[in-house]
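The same chain A turns up in both complexes below, where it pairs with chain B and then with chain C.
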Partner chain A sequence: MKKKHLLLAMILIITMIFVSACGSDDAKKDSKDNKDSKGKTEQTTIEFWTMQLKPTFTEYIEGVIADFENENPDIKIDWLDVPAADLDKKILTAVSSNTAPDVVNLNPTFASKLAELDALVNMEEAVSDEDKQKYVKGAWEANRLQDVTFVIPWYLSTEVTLNNTKIYEEAGLDPEKPAKTYEEAKEYSKIIKEKTGKYGYFPSLDLSLVLQHMVVMGAELTNEDGTKAAFNTPEGLKAFEYFTELYQEDLIPKEALSGDQRNTIDMYQAGQVAFFAGSHFISQIKENAPEIYEHTKPSEAITGDTGKKTMSVQNIVVPKQTDNEEAAVKFALFLTNAENQLAFTKLTPILPSAVEALEDPYFTEAGEDAEPTDLVRITAAGQLDEAELLVPPMENYDELKEAMFDAISEAMLGEATPQEALDKAEKAWNEILAK
Partner chain B sequence: MAAKKSSSIIKKILLYLLLIAITLFMIGPFLWLLSTALKSASENIFQYPPKLLPEEPTFSNFGKVMDVFPFWRYLLNSTIVSGLTVILNVLFCSLAAYPLARMNFKGKNTVFILILSTMMIPFQLLMIPVYILSLNLGLQNTYLGMVLPHVTTAFGVFLMRQAFMTVPYELDESARMDGANSFQIWWKVLMPLVKPSLVTLTIFTFVSAWGDFLWPLIIVNDQNMFTLPLGLNMLSGTFTSDWRLIAAGAIISMIPVIVIFLLLQRFFIGGAMKGAIKG
Partner chain C sequence: MRTNKLTPYLFLLPGCVILGAFIFYPMLQAIWLSFTDYNMVSDPEFVKFDNYEKLFQDELFWKTLKNTFIYLIGVVPALVIIPIFLAVLVNQKLKGIGFFRSAYYIPVVTSLVVAGIAWDWVYKENGLLNYVLDLLGIIAEPIPWLTSTDTAIFAVMVVTVWKGLGYYMIIYLAGLQSIPTSLYEAAQIDGANWWQQHTRITIPMLMPFVLIVTIMSSIAAMKVFEEIYIMTGGGPLHASETLVFYIYKEAFDRLNMGYASAAGVVLFVLTLIFSLMNLKVMGKDKTA
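The block that comes next holds the complex of A and B.
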């Protein structure tokens, strides 16, 4: 008998679960109806997704939303913070099932993927010329695919070299004269290796960094219309040879080839590497390795003959599926206006994309008690004029990137000469670009 | 005689040393995690050479984790979702397995093979259709939405079918002689006899439901309905990640899995051995 009761109870529970699910659905419908029936001033709700900003920036974002809602009482913002790890999957699912949010914070790589699918609103049309002027030019132009600007730039960063002054001193180098060019970086690495046994330079080859190094050294990636590879030149060869030499003479850690960008910061935090490009990791170093942080001195990015410096951009996009394009763009512009960006950049080491915000003394003058974080910010802002997006959005970008990485690893591992590897990469690129 | 004894002692010592070494090797990463979680803010957790023992052990990291996101709310969500998933999964899988193991009907093998073949389709492929289905059923931001896609799994059906097959058919027959119907045979005869497999399925389902990241993320658009793995992800921010907090969070999220395993361990090992003997 007891068993029978148990069974009945179980069936009851299951039915209840199903019924309760239907219940919540009804409730939703009701609230929607209410909204409509209230509606002299029709409420629009904007769904806004950010990439992993909670909980550090909860207050800031909520503040911006509250200000916006005050100014525009007929628009309501629904904010959702999505973990960065699978944001791309979530947005792809949403777009493919026609339930895309209205405003999303996306990185350029993924934004350009969505742009290829023609899923994003063209900001060139949606934003007035007057508003366009308010953004740093390089940042606005950074996200273009065939004359369509598919994003509004949000925040920027330029690469700043972090130097461990303690290792510099151990090796008898002057921390006031950090490595500024690839050649110097190599020289310093040799000295540091000899004197301390530690590594000097740790260039990461993760993500688009191989392509970036090549561009900085003076190679062109493709011809102008992006149909053919153009890097098989003396400059391109120089880039391949440079890294091959560093690697084969054990002047850079083996992880340069195998690891991701995170390895660079781990080794720097362990005091095993003297300098690396890692400005956006500065607050992480402060938290995880306090004594290394104290010895950290930022300097301008390492560059090649071109003097080019890299810039990265975080974007705001508006998917085409939105029903409220006007309100969505309005919110995107509000979020990225000078005032709000300045407040945001004061919370974290990033640069604003709004021209007006950049003129603030916060980005130009170092106080006397300036910490490494402050110096990083000022150095980063100082080189913004020279900085540009080195690797433009390209179709089939991932494949191109992989092909180049495979080629340079072959050269570094000694499986092919740099010239052979370069030929191989050129062939692969031409095939991919012809698609 | 004495020589033989001493050689067997040496053998034992060597064996134990080996076992201890393997144990340390297996739980080493876990100990490392624990040590990171206990380190205070002034310590460099990436120092070289690494230090296992924290200089000033502190529990404050655990407290901080709970402030970073609505910890108790997410814990409740995770508990409800995992609990429901486990109950429903075990129930439906064993119900589905019963006819496949005990009844004869046309196309039985085809059905079974079809079920098994779904194991070969990765979830990422099914994700979009399942998402659209769930949306149309109004399951977005509901517990049920997070639970339903996992209530039957091919693995569970397969496991339970194999378990039922090991029970002698004579037991069914004698139960039927006593007047039991199919449902009663399933519930009163077979289910009590396959407890080890039920426990195995419970543990597997619990572990996967507890740690599931992708599906809850996709189906939930309301921060209040997030589960623990989604919350823990917030510990590593876009601009900064404090590994002490991440380690503390990882340990907190592991506790329920360990507790469940310890509680059910007796049956679990019994189940594994049973499977080993009977193939």
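The block that comes next holds the complex of A and C.
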């Protein structure tokens, strides 16, 4: 008898697990249907995902949500913070199982991947012209793929070089004149290596950054309609030669080839590298290496003959699957309005994408007792006018950037000459672009 | 008392349901997806053998397959042989032997992410290993362990071996303790020395465990991913990219789910063949 009871209980439990799993799904659908049919009488719930903002910004985000809910009593925001490393996979799974959230903070690369699959709301249509004007033009236009603008820009950053003034002094260089161009960076690296044995420049070649360096040095990536590679030119060759020389003459750390920014920041914090583009690491440096932080002096991004500087944009997207597009866009606009962005940028060294917020003295005037963090912000804001998104969203972007990274790696490792490597990259790009 | 014929099956049911739902169903799904073009958002589109054709023409696929075999050949013998010695060592009746057993086991329970980053520091150009080698006068120039096409994959292998030793040691330890001491006593009476005792008793009696460890470590070596993801990202120039890493990249970076599934099916078939081969060869040895 006992056995039978146990069996019955087991079967019951298993059945319950399955039924309840299915049940909750149905229940969710039901409640969504209810909303649709009854319209305004019911509360709309917006599911909002952010990328690793907890716990540092919990208070800020909760504040914004509370303000929004006060203004819009019929909309409730359900906030979920996802670790950065998981967000791509999580959003992908959600989209594929038709349970996408309504508003998501996504990086541009992944956003463009979803846009390629036509999974995101076109903001050109969803946002009024008047609202569009409120954003920095370059930022608004940055995320466009085949005439579809698939994001609302949230916050921006431009690349700022961090300089370790102590190493400059040890090498007999003037920290007031930090390296401004690639040529200077190379020259300084030579001097620093000779005098101190340390590295001067640590360029990050983290996959997509190779493309950025090439554009800054004057190479065009593709022809106008994006069907053919256009970088096999003297400018493109110069870029390949530049990094190959740096690497082979041991003027940059071997880890530059790993394409992992962790190495860059580690070495800078250990006082073994004099300068690198690392403005977004400034808070980390302050916390982990206060001594280095004290000797850190930000300067404008290192640039090439074009004088171009890079801008990156963090985005808010609304997946097409949302049942509440209007409310979702409304919240996205609220989150990115000038007032909320200004408050956000005061918490961390980022730049707002809202024009009005950028006019605040917070981004223009350095006080007497300005810390490196303040200087990073002001330097970053100061070059925003000249900065642009250097590598536009492209289809099959991941394959393209890997082909380029492979080619430049071959040149740097001496397995091909820079010209051979460039030819190889061109061939690979033409094949990928033809898809 | 009447015994119900269904009873044993009912006991098997929970296991079957769980395995079915979380292992076999996804497996079948992956096989089906390998014949489709699928990006996770639009519906899968049936493309027959296109993915496989593309796969076999892809140079990178062959390269990662080759790397996987290099990994297998490098890692498996180390993981089969070294733990036997460790197990014999910690099988002594010594004071504080428990401490040593746990010490060897610690890498197994260490998070691979943490270990990977720590090893990264060991291998850096200005890292611990280069420092020690330089100090001993073995090298004149630091070796870029993880960023040279010649060394990257071997540097990562060391981590896999380091992490696996303790686990397989425990399996062997269980094996050693299952060998009756009477055999050793009889051998001693017959005048066998330490070496003879181990080659004539320990090793033959451990053969079933060697078989298990060979199969388990081969499967683990073929599936290696985390170490590579954390330490080299497959680089430089794909020199340390293994098949699973390649599958991951195709699936989650490029959203070529169908194509990645095809590569997954190939990996599955290879693993299966390999395990069967192991079973055949080693199984014969045992009966012979």
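Just so we're on the same page, the second predicted complex is superposed on the first by the 394 of 435 C-alpha atoms of A that agree within 3 Å, B and C clash if a C-alpha of one lies under 4 Å from a C-alpha of the other, contacts with A are read in each partner's own complex, and residues count from 1 in each chain.
Convention: contacts are C-beta pairs under 8 Å (C-beta built on N, C-alpha and C of every residue); 3 or more make two chains touch, one makes a residue touch a chain.
Please read these numbers as outputs of a predicted model, since none were measured by experiment.
K.L.:
Please indicate which partner A:255 is in contact with in the superposed arrangement: first for chain B, second for chain C, both, or neither.
P.N.:
Once the two structures are laid over each other on A, A:255 reaches chain C alone.
K.L.:
Which partner reaches more residues of chain A, chain B or chain C?
P.N.:
With both complexes superposed on chain A, more residues of chain A are touched by B.
K.L.:
So in the superposed three-chain picture, is A:398 touching just chain B, just chain C, both, or none of them (first/second/both/neither)?
P.N.:
A:398 contacts chain C only, not chain B.
K.L.:
Is A:113 in contact with chain B, with chain C, with both, or with neither (first, second, both, neither)?
P.N.:
second
K.L.:
By the touch definition at the top of the document, which applies to A:410: first (chain B), second (chain C), both, or neither?
P.N.:
The answer is second: A:410 touches chain C but not chain B.
K.L.:
According to the stated criteria, A:292 is in contact with first (chain B), second (chain C), both, or neither; which is it?
P.N.:
first
K.L.:
Between chain B (first) and chain C (second), which does A:271 come into contact with in this model arrangement: first, second, both, or neither?
P.N.:
So A:271 only meets chain B here.
K.L.:
Give one of first, second, both or neither to describe whether A:434 is in contact with chain B, with chain C, with both, or with none.
P.N.:
neither
K.L.:
Once the shared chain is lined up, is A:89 touching chain B (first), chain C (second), both, or neither of them?
P.N.:
In the superposition, A:89 touches chain B and chain C alike.
K.L.:
Considering each complex separately, which residues of chain A are in contact with chain B in the first and with chain C in the second?
P.N.:
Residues 3, 7, 10, 14, 89, 93, 96, 272, which sit in both footprints.
K.L.:
Which of the residues in chain C end up touching chain A in this complex?
P.N.:
Where chain C meets chain A, its residues are 7, 10-11, 13-14, 17, 39-42, 117, 120, 124-126, 142, 144, 146-149, 232-233, 235-238, 252-255.
K.L.:
What residues on chain A touch chain C, complex-wise?
P.N.:
Contact set of chain A toward chain C: 3, 7, 10-11, 14, 88-89, 92-93, 95-96, 113-114, 117-119, 253-255, 257-260, 262-263, 267, 272, 396, 398-399, 406, 409-410, 413, 415.
K.L.:
In their shared complex, at which residues does chain B touch chain A?
P.N.:
41-48, 68-69, 84, 88, 91, 124, 127-128, 131-132, 135, 138-139, 142, 144-145, 187-188, 213-214, 217-218, 221-223, 230, 233-234, 236-243
K.L.:
Which residues of chain A touch chain B in their complex?
P.N.:
Of all residues in chain A, those touching chain B are 3, 7, 10, 14, 17-18, 20-22, 24-25, 28, 47, 51-56, 80-86, 89-90, 93, 96-97, 99, 266, 269-272, 280, 283-284, 287-292, 348-350.
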